């Protein structure tokens, strides 16, 4: 056992895979000697050297292009896009190239690569450095989308992502980087596409992702005090999407509440809601309620940002609306 | 010189770029270059005919007139080297050894196509031949080519990556990022700008502040400025050999600007009427295939040998046409195949 | 009255606004003397000259940046992104700059601009030139999203978009450019955010957008022959989203089917479904069914592309599933 | 010269860039330049203190050491001209006349802030002062600056747009597209690269294939290569006057590379330890504010006059600090305001 932060877990997960497989290389801005702006790659440059840990110019398209071309030809690159908001300057590589190439080439090209990125708000960085853009990725056929909430999952899902033969977008949550947990020593390898039931309760199913998971748990604890027993599910990945775990739970509870950090329109909760509304509508005993950030850019001021992002109180309110 | 003046005199200006006496390929190589060019030419002409017959669906971008560039690199490259091309990539696929049937089949959306119709004419890919893809978003593939070159360098396996693109591509951000990173990382990559003087329907001179859209940018990346006559297979071949050798020997990337011209419009729907007739005529007179034939004959290559090359290419095209016509459309099951490496498209459980 | 194609309507709508307002300028690739690759701007260069109709290099970021900066300082630019797939190379300007600036500046900056683009599939252009990306835009707070299905709407909604004080993404459907309709002479000005009920029926509500509208109408006609009476609603814009018109109809029919050209995950139908499932769940007499392209890139071959994009038959099948 | 050699000798190299004798501003202007620099310096120092006290939330990027550039342009620009800056934009806002209270209030997320806290330190905007925004995605604002410049040209209103950015920004695609389009359209825009030798934590020399990341790219756009000592307010002012005049007179855009250095880390969280101490010391010795004070005294400006300027600036900072501390957080209703021009955030009916 070791007490690790979420950010240390990133470096440990990467190191575990770089140790195992010499085709794994790391590409990004300030990730080398500097250890990354979130200090999530500290020590990797010292350990694996400049041949495997490569600093780049500020050229996100070039970073993702390099990762893609390397993955086509035998490597397993891990690219960093520093803040997930910056995917907007290189979205072409994700949406048009990396995601589509296997399909367009009728399976000739395989792209085992990981793009990791600091995602999400709550750190007062303002509208251009705080977005939750895992939904942008979910809308693109051909990529997998992972967003761990726990320190152990960071390692396990990083390993699973690196070993996965498909391109994976790996969203690290900025507000969780300092979170600490005890994790087992030795190799940790997770599995993509398996949601985690964090606590069980028979009254309502609350589904959350990344930094919303601890908030959902907090809400569930407060609800328990009020006699309402919630199941909390951590989705962990959006693609593959573990609908079965959610549907099973809804079959038992009859109520579904999704908790999303993203702005309202077209968050992943919409997809989940539409699936349940199509396939499991007769299991429902009340409306599916989505708790999200309102459909606005994120404000910088702490007082406003705290109002924007879902809080345990707003989750409780959502649960009450579903149960009403 | 104003834009129009330049365009008018372009052919003679271009001739002045040539320095093909040195490094001129030997006769066997020159015959191979001719053979390659003829194959490309015949396939593209047939593709045009088939489009007129409604058999090539969607779009397609012919490389008629630009054959010398693809042929020169295709001939100079080694097996295992990587090619990255654009939507105007039929020439480049063929020049790396991809069969006519699989190219034509793809244009026609048939199951004999390189990607069984899933990609289409703009995305010809044959990993087996080092043809690592044709890309239809301007600029992106320059960055991807870097990745392949980086991989070769990392693995120490000695392949060179060659990346073809057009003049218009030099104005997009990805061009800048890609050439820059290649220079910083000293990658074994050769960037080849086929300057055919036009983007889609707009003259490159109208929207570019320098005369040589690629070569005049080379210094911005610490690279040498290289301009070559893209209609002269000998000059192209010599240039290719040098650049490939530099890359393979660890001397880093090159950025080459080859002056050329497309004989037809930008894509199948375009008659290319925006081009002054005298300009078109002047360039047609510099047809890379016809002029090269004359040059070979002058150099003592037998006319019969060249005739045979042409006949063989024609037969190959006929056969490819036949095979493609007879090939069924792709199996409907392909729709849901190969989104992911497990062969399927499942995104939820 | 004049018989106009959808592509001619684009030019007419723009001309109408350029005539009226000298602050309207047009920026894009090959839009000038060439009249645009879809021939949707034919005649504008001749009529308004090179000062107001500006060809650019292949530089989509520079195009949208120029539009934004011009809109900040008194102009009303209309920018063209040739194929909507190319938004991926300039998404930063849309998602991070144009959409967020009014909010971040606390209302100091107003951005009256239109970005028009050829969107959608059915024309055998393959995966990188056929996407329906109106959903990408819908997910970004701060932009309006318009996608006309009819020739008259092209003019009316173009006028409304140009006159709107907010940034509007205007999606023209490539498969509709050749469609023809009689339209009235004289000025036509529409309204953003008002869906159009195209036909009324009491059994099911079918909601569609752009090229899916004629398919939904065809399906409704076939269903009528089978005794099933469908209401067909053309959303016309995604932001603002006319939920009220849809909800009213669902209250009467009890059944909702959305018809989307986009790949399944996170299409606009998901948002609509989640709204109805949250706010109008007790109006529903059956599952909300989403008919979409499967979650795959679009194949180029005609036979495969036709299988991918929703057909009247698949819409009918969706209706039957909702009614079952 | 290797990278490290260059960095070591950088200060003396930089001194050689100066040609400040010609076009040296008159005394009144020089005093104004000094006043401006002192105001920027004092505010940035205070911002740093307030951050240490936990009053500045989120991130912030100080321009300590780079004051001469903002001050020179702020002084040379006319009312109505447009400024576009980066997240490192406090200096540029102040230099255009924005009040200290509204800058500091924004850093502290208070309702007296320029945008009442909705934007934050990285997005300072004051349309009233021609401060058209601070942008936090590297590169984007160069393209937006073009739009403002185009608008001035179209409207015939004669404003000039000035766009500031860092050395690292020259490697991103948007830089290329923006400078290129400005050159093609001959826009009245001045691009000012503040080359402070570092991106976030990485030396620009490690990831750039040319020595002068902006100036060595100018020729790629048909522009003149301009390098200036960014720590010399006189040289900067002369350069600004020339570039603004060129733009205003229809002679098109300029790309200026100003060599400078930031005294602190990249952003609030960064101690800047990656920088060799001798390099830092050499640059601190070239502090633009301190050296300029000495130069003015040498030129006969009274010490008392300069003292008064400093005292006034300090008072202004103290008052701004007080006002910001006392300013309430933004009204919660602002959360849902001004997504759209109707003042609200309604996206559905």
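Going by the order they are written in, the chains are A, B, C and D; count residues from 1 in each one.
The rule we apply is simple: a contact is a pair of C-beta atoms (placed from the backbone, for glycine too) under 8 Å apart; a residue touches a chain by one contact, two chains touch by 3 or more.
Here the structure is a predicted model, which means the values were calculated and not measured.
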Task: Name the chain whose C-alpha centroid is farthest from the C-alpha centroid of chain C.
output: D
- line: Quick note, more Cb pairs in contact for A-D or C-D? It is C-D
Task: Report the inter-chain centroid distance for chain A and chain C in whole angstrom, where each centroid is the mean of the CA atoms.
output: 30
Field: Distance from chain D to chain A - Cα centre to Cα centre, in angstrom
entry: 36
Message: Report the inter-centroid distance (CA atoms only) between chain B and chain D in whole Å.
response: 45
Query: So, what's the distance in Å between the C-alpha centres of chain D and chain C?
result: 40
- line: In chain C, the residues touching two or more other chains are 56-57, 59-61, 85-86, 88-89, 92, 96, 103-104, 126-128, 141-142, 239, 241, 265, 295-297, 299-300
Task: Enumerate the residues of chain D that touch no fewer than two other chains.
output: 116, 118-120, 123, 135, 137, 139-140, 171-174, 177, 180, 184, 207-208, 334, 339, 345, 347
Message: List the residues on chain C that touch chain D in their complex, please.
response: 25, 51, 54, 56-57, 59-62, 64-75, 77, 92-93, 96-97, 101-110, 112, 141-142, 144, 164-166, 193, 239-244, 275
Statement: chain D residues touching chain B in their complex are 171-177, 180, 183-184, 207-210, 216-217, 219-223
- line: chain D contacts chain A in the complex at 57-59, 109-110, 113, 116-123, 135-140, 168-169, 171-174, 199-202, 206-208, 274, 329-330, 332, 334-336, 339, 345, 347
Message: Could you list, by residue number, the parts of chain B that touch chain A in their complex?
response: 82, 114-116, 118-120, 123, 125-127, 132-133, 135, 137, 139-152, 154-155, 161, 173-174, 177-178, 180-181, 184-185, 334, 337-343, 345-349
- request: Can you check the complex and tell me which residues of chain A touch chain C?
  value: 85-89, 91-92, 94-96, 99-100, 103-104, 126-128, 135-136, 138-142, 239, 241, 262-263, 265-271, 273-274, 276-279, 281, 284, 286-290, 295-297, 299-300
